[in-house]
Amino acid sequence: MFRNQYDTDVTTWSPAGRLFQVEYAMEAVKQGSAAVGLTSKTHAVLVSVGKTNSEFSSYQKKIFKVDDHIGVAIAGLTADGRVLSLHMRSECIHYKFLYDSPLPVGRLVVQLADKAQVCTQRSWTRPYGVGLLVAGLDETGPHLYLNCPSGNYFEYQAYAIGARSQAAKTYLERKFETFPECSRDELIRHGVISVREALAEGKLNGSNCSVAVVGAGEAFSILDPKMVQQIIDSLDDKNEEPPADVAPVEGEQGAVQDDTDQGVAPMET
Amino acid sequence: MFRNQYDTDVTTWSPAGRLFQVEYAMEAVKQGSAAVGLTSKTHAVLVSVGKTNSEFSSYQKKIFKVDDHIGVAIAGLTADGRVLSLHMRSECIHYKFLYDSPLPVGRLVVQLADKAQVCTQRSWTRPYGVGLLVAGLDETGPHLYLNCPSGNYFEYQAYAIGARSQAAKTYLERKFETFPECSRDELIRHGVISVREALAEGKLNGSNCSVAVVGAGEAFSILDPKMVQQIIDSLDDKNEEPPADVAPVEGEQGAVQDDTDQGVAPMET
Amino acid sequence: MFRNQYDTDVTTWSPAGRLFQVEYAMEAVKQGSAAVGLTSKTHAVLVSVGKTNSEFSSYQKKIFKVDDHIGVAIAGLTADGRVLSLHMRSECIHYKFLYDSPLPVGRLVVQLADKAQVCTQRSWTRPYGVGLLVAGLDETGPHLYLNCPSGNYFEYQAYAIGARSQAAKTYLERKFETFPECSRDELIRHGVISVREALAEGKLNGSNCSVAVVGAGEAFSILDPKMVQQIIDSLDDKNEEPPADVAPVEGEQGAVQDDTDQGVAPMET
Amino acid sequence: MFRNQYDTDVTTWSPAGRLFQVEYAMEAVKQGSAAVGLTSKTHAVLVSVGKTNSEFSSYQKKIFKVDDHIGVAIAGLTADGRVLSLHMRSECIHYKFLYDSPLPVGRLVVQLADKAQVCTQRSWTRPYGVGLLVAGLDETGPHLYLNCPSGNYFEYQAYAIGARSQAAKTYLERKFETFPECSRDELIRHGVISVREALAEGKLNGSNCSVAVVGAGEAFSILDPKMVQQIIDSLDDKNEEPPADVAPVEGEQGAVQDDTDQGVAPMET
Amino acid sequence: MFRNQYDTDVTTWSPAGRLFQVEYAMEAVKQGSAAVGLTSKTHAVLVSVGKTNSEFSSYQKKIFKVDDHIGVAIAGLTADGRVLSLHMRSECIHYKFLYDSPLPVGRLVVQLADKAQVCTQRSWTRPYGVGLLVAGLDETGPHLYLNCPSGNYFEYQAYAIGARSQAAKTYLERKFETFPECSRDELIRHGVISVREALAEGKLNGSNCSVAVVGAGEAFSILDPKMVQQIIDSLDDKNEEPPADVAPVEGEQGAVQDDTDQGVAPMET
Amino acid sequence: MFRNQYDTDVTTWSPAGRLFQVEYAMEAVKQGSAAVGLTSKTHAVLVSVGKTNSEFSSYQKKIFKVDDHIGVAIAGLTADGRVLSLHMRSECIHYKFLYDSPLPVGRLVVQLADKAQVCTQRSWTRPYGVGLLVAGLDETGPHLYLNCPSGNYFEYQAYAIGARSQAAKTYLERKFETFPECSRDELIRHGVISVREALAEGKLNGSNCSVAVVGAGEAFSILDPKMVQQIIDSLDDKNEEPPADVAPVEGEQGAVQDDTDQGVAPMET
Amino acid sequence: MFRNQYDTDVTTWSPAGRLFQVEYAMEAVKQGSAAVGLTSKTHAVLVSVGKTNSEFSSYQKKIFKVDDHIGVAIAGLTADGRVLSLHMRSECIHYKFLYDSPLPVGRLVVQLADKAQVCTQRSWTRPYGVGLLVAGLDETGPHLYLNCPSGNYFEYQAYAIGARSQAAKTYLERKFETFPECSRDELIRHGVISVREALAEGKLNGSNCSVAVVGAGEAFSILDPKMVQQIIDSLDDKNEEPPADVAPVEGEQGAVQDDTDQGVAPMET
């Protein structure tokens, strides 16, 4: 009942030191369709599941190329994600123009986070309702970051966000130690399998699954749907099913489960 | 009852991570008169039903020409639609002046979506209350997009929005696979039939039905009412009636039906 | 009871996708004194009834000349109407200065509608509380438009707005098919008769009734009260009384009657 | 009880299409001390009753000279009236500087009304709480206008505003037809008598009664109190008392009486 | 109970046409310590009682010199009064610089009133909480004005404002007719006596009583405390005590007493 | 219960003419740790008690040097006090640059007060929550001023503000008459003793007690803690204990005690 | 219950002179993971515990390098902390550019505090939700400051903030007197031990514990995780366990415990 009072303005603190509006925006991330990112020593891979509105529509884009060395996968409000990736794109162009070298991934991530933070401290706006997995390659190798509506960001070796992402994370955790030495194709394969775990219904195919990769000697690119279909088809090793004890999480948001579910980190860690 | 608290400001998140004001604006789209878009390999067609206020008024325009290669059909608040199509027009002129080539359809759609997104993140404004079916032709062929109040957009091969659009979509779904190879006139015919399905009462005629087409070697144009009447008259093949099992959807908004009804996609997909 | 929550801010959508403040502003139009517009192939005529505050006051102007080829009749808040007609005047002057030709009627109507739309999407203002019947002549002949507080506009051959306008519309509907071929004087006569139908009490005379005409070879002008009196006097053909079955509508606004009563069109059609 | 919801913001429409804040501002006019204006063919006269705060204070000025050919009498908030008359003064100076001729009365009245209208459509301000009787002379002869808080204005031959103005209006109505041919002094006399009717208590004298006149060959001037006293003294023809059946209206505002009482016209007429 | 709704925003009218926030600001004036002003044919005198916070503090200044020919005595919020007198000072300097002559008293008073009016019509500010007695000398002789929070001003021959000012006014009323012919010293004497009437407790002395005078051949100056003490000492004619029937008014504000008590005039007179 | 309505906005007057938000800000002053100021004919001294957060923290600074001739001691919100003293510093520098002489103390105090007044009349800010004792020396000798959140200021010979300041004031009152002739060291000694009276618990020492002095031939300086310790050590004349009948005031704010307690003067005096 | 009224706007004072929104923001600091700072005569050390979101994520950075001579450890909202440290960085660069010398630590701390104070006095923003321990070295030796959301700052010899920081402070208090003479490595060791006390669960290791040091001849640097691990490993002297009588404080915020717990000082001291 205290909620009523402190959770309608983004600039209002609750007595317990929480910003409810920021937390609610993170709920939007938890309900987006799942996206997974993972890195080896040489590559970074993004995989996302798309929803579609009808039979004859295309699947909505959930992975955006930002620059030759950077791309993002989003979960949450697509329009917010698009606006933010547009911002990232112009930051990259600007930097390249000034310094004639690609914008380091970490710096872009910080700029993105600062833009998000501002929306948590002005009364006339709202926090962005989108989580972004930023995959990039720079002089220090491949990187994977998560940017949250709170203005926080985290570096991960592998991570999954969005609806039912806990299932994907469970898979990632089991395989996680093998990733650094994975080849490009093995890494993609792991990404596709993990995202399959997060699929609530239907079947993964070249249309509803997007895969993007960036790596040593390879600019960020979104794979052709056909190639994605081939990868999916090759996954007959059905011995990697989701463990039966992982209950579907969709529809339980806000319940007792751990806050780190579905890829949204708390505002403070 | 939670609604009361989180649904009056566009910048307020609900505890479940929803922006109610954006969702309410989408209701306005669902209640607009129906509009249909469909594409073949060579053409894109828009068809809309107009309401009229009285016997002696003209039917209100629901299809606008934006440029020689682009046009829109709207459902929802007409004034919002007009203002947005005006914006599109000036974007096209500006681009043509700068680059001496027509603005690619996809780019225009993104700019339009960005303009809509801004209205979902500023406290002093409201989301647009209109859905736009954008039909255009560029180097990559004909395209059909849907722009939503949320700032989302989707590409479709065929789609219908507005009141009773579910009936039109049902028709489109049945015929859908034949569209790519359709001739210009067959495509128009399919569009008119599908829009007829969405007609709640009265009879389709050259006045209340608008048809526009753009295609290879043919600039975007709105057909003459007489020509529309001829097309309608030629539809004696009454064997394509709406399947009896499709109940009229008007008046049931907000009920249990699927959210993808009436052409408004959810904010996240 | 839902009204309470969503109807005090112009930028707040109701759950059903309505903008109540815009609808309330349209109520102001319905309560203004009646105005009628009608067009033949050669002329456009505006007729309005004025109220007066006291015996020794002039009747308030409800018809404004905008330019030599355009004029408006208003119903609703007179001050809002005056401010808008002033805006129209300066648009005409500006256009004439730039292009050395009169501003086409349809363009002016769109500019006016855009100005009204803005007032429905900014939190610090309110929708205009006035409906405008715009009568004008341009290269395509005489035109009659209705501009609404919602930012919508409609072209009509004949229309009536304001209090008790349903009675006037009933007359117009009966005579409507003869208008195109009417002479200037017959058209005026029809306009005056129809406005008389909308008169709740008192008697039409040269003071409380304003008549304006624009047509081929005739600039927009407001007729001299004496001339208006003569026209009224000549109407002894009392066989055109209001059909007894048309109940007075004043005082019933908001009741079950059709929304198209009293000249205010819904926001979407 | 509906009032509670729609009557605290000037930019909020009531469901019935009313702007309550504007109507409330008009109440302030009805409670100001009475002012009367009247015109003959050659002169315009303003007469007002002043209240005073104490024995040794001057009576507050209720009549302001604007220019040589224009003056105003106010009823309502004196400070608002002063600020508006200051604005009128600078409009006159500006016009004279540009065109080297006096600003026509009607134009000034429209500018004043536009300034008032703006205050009814911006959320950060309030409608002016003053009614102004503008008396002026220009090429078309003497004029009398009433400017209302709503942004409306009306031309009158004679009118009275403020507390108990109904009594003054009753007198004016009786004598009204003789005014056009009145001499300057007769017109003043009629004005003084009518204002005396509106006096609740006390006795009219040279201090509490202000008289101003403008006319052919006579610049706008406020008469000397002594002269006013002389005029009052000469009114021994006490046969023109207020008719006994006119009850004092003060204290009954908001009751059933006609809205045109006390000089405030409705927003729409 | 209606109060609750209309009395928290300065830009909100009550249904009865009142601006409660302005009226509440006037309450602050009524509670300030008393100040008295009075004029003869040659001089204007201001007298005020100061409160002090503690034994070892100076008495707070309640009389400010504005220019050589103008000064003010304030009652109400001292900080507001100081800011306003600072504004007056800069207006005087500016005028003198431009025209090389002193700013006429009446003009300054109007500028001050306009500044106060603005604060009654903007939502982001509040009315000033101070009343100012302005005493000045110009070509037309000595003047005394009262400026109110409402933006109103009044000219007086003698007046008293602040707590218990009714007692002072009673004295002034009794002696009032003799003032015009008073000598400078007699006028000061009358002022000091009248302010003594308003003293609730304690005894008037050179520290808690300020006296200022401006007159023919004498610039505005605040008398030396010693001189004030001498004047007080010379008042042994204790026959001029406050009439026993004047009850102390402090603590009864808002009660039934006449609104003109304590020097605050109503907004409209 | 009336409080609820009028005490959340700084620009809202209560019906009794009070600004509650300003009064609440003054409460913050009353709860700050005590500060004392006192002047002789040649010197001005400031003494304050600091609180500390923990054993190993320094005591927070409560006395700031503004310029060579001016310093302040604060009680209330330390951050507000620091920001204001920074403002004072820049005013002094600016003045010295322009006029090549030190800014007179009284002028600085007025500028400070004006800055505070503005915060009581703008809806988007809040009154400062700090009281400042300003000690300075200029051509007219040493001065001590108190600046309040209300924008008021007072000159004192000696004063104490903050929690339990009543005890300090009681001491000052007893010794008060001897101050003018005190030597620099005696004055400091009196200041330290009086501040010791206001100490609720613990013992005064060189760390928790700050002493600053400015005087003839001596720039404003904060004494070395060791020197302060020596002074405290020398105070073995324990016969100057707080009179037993002065109850501790902490925790009773808002109760019945006199408003002048703890150094905050009412808004009007 | 009074809380409800005064604690949602940062610019609203409570009747007791408190700014609740500022206090609530301080709660966010108390719930951040613990950070410790301590200084010897030659060095300043910062130690923080990081939380992590998942097995395969990096620990989030809680210590930031600002310049060669300054760094910060944060507790509370990470995004707010990052934005503030970015601000500090640009202040340092700017100063170095202007004066060619490093910005003194104390000056930076004041600028930071001023930036925080502004956010407590503007209605459209919120106080920062982060506490910063600023460690730096300048000509006057090593320094440790705490900056609070209130705009306050404090200098400490050693301090701990964040969740369970009371345990760390207890350790610091016991060892505190030995710090000044500690060697660099001993100081780090004390810091690591004290932070271990604040660890609620799990075990300190090179990943979840960050250590930074700045000192004579040593620029601010964050130690390599391996080195941190070595230090932790070397701590087998488990005789320095947290005293059993220190109960875990997490979850009890807002309870009866002393306000100085968890490193947030009151707004006034």
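Chains here go by letter, A, B, C, D, E, F and G, matching the order in which they are written, and residues are numbered from 1 within each.
Criterion: a residue touches a chain if its C-beta (ideal position, glycine included) is under 8 Å from a C-beta of that chain, and two chains touch if they have at least 3 such contacts.
In UniProt terms the chains read A, B, C, D, E, F, G = Proteasome subunit alpha type.
As the structure is a computational prediction, the values presented were derived from the model and not from experiment.
Touch-path distance (fewest steps) from subunit E (Proteasome subunit alpha type) to subunit G (Proteasome subunit alpha type) is 2.
Computed centre separation for the pair subunit B (Proteasome subunit alpha type)/subunit E (Proteasome subunit alpha type) is 69 angstrom, with centres defined by C-alpha atoms. A straight line joining the Cα centres of subunit C (Proteasome subunit alpha type) and subunit D (Proteasome subunit alpha type) is 31 Å long. In terms of their C-alpha centroids, the spacing between subunit C (Proteasome subunit alpha type) and subunit E (Proteasome subunit alpha type) amounts to 56 Å.
For subunit F (Proteasome subunit alpha type), residues touching at least two other chains, in rising order: 9-10, 123-124. Taken as a contact graph, the chains are arranged in a single closed ring, with each chain touching exactly two others. Traversing the ring of touching chains from subunit A (Proteasome subunit alpha type) and stepping first to subunit G (Proteasome subunit alpha type), the chains occur in the order A, G, F, E, D, C, B. Within the complex formed with subunit C (Proteasome subunit alpha type), the subunit B (Proteasome subunit alpha type) residues making contact are 3-4, 7-10, 20-21, 24-33, 50-60, 75-80, 82-83, 86, 119, 123-127, 129, 253-254. On the subunit D (Proteasome subunit alpha type) side of its complex with subunit C (Proteasome subunit alpha type), the touching residues are 5-6, 9-19, 110, 113-114, 116-117, 120-124, 150-152, 154-159, 169, 172-173, 176, 260, 265, 267-269.
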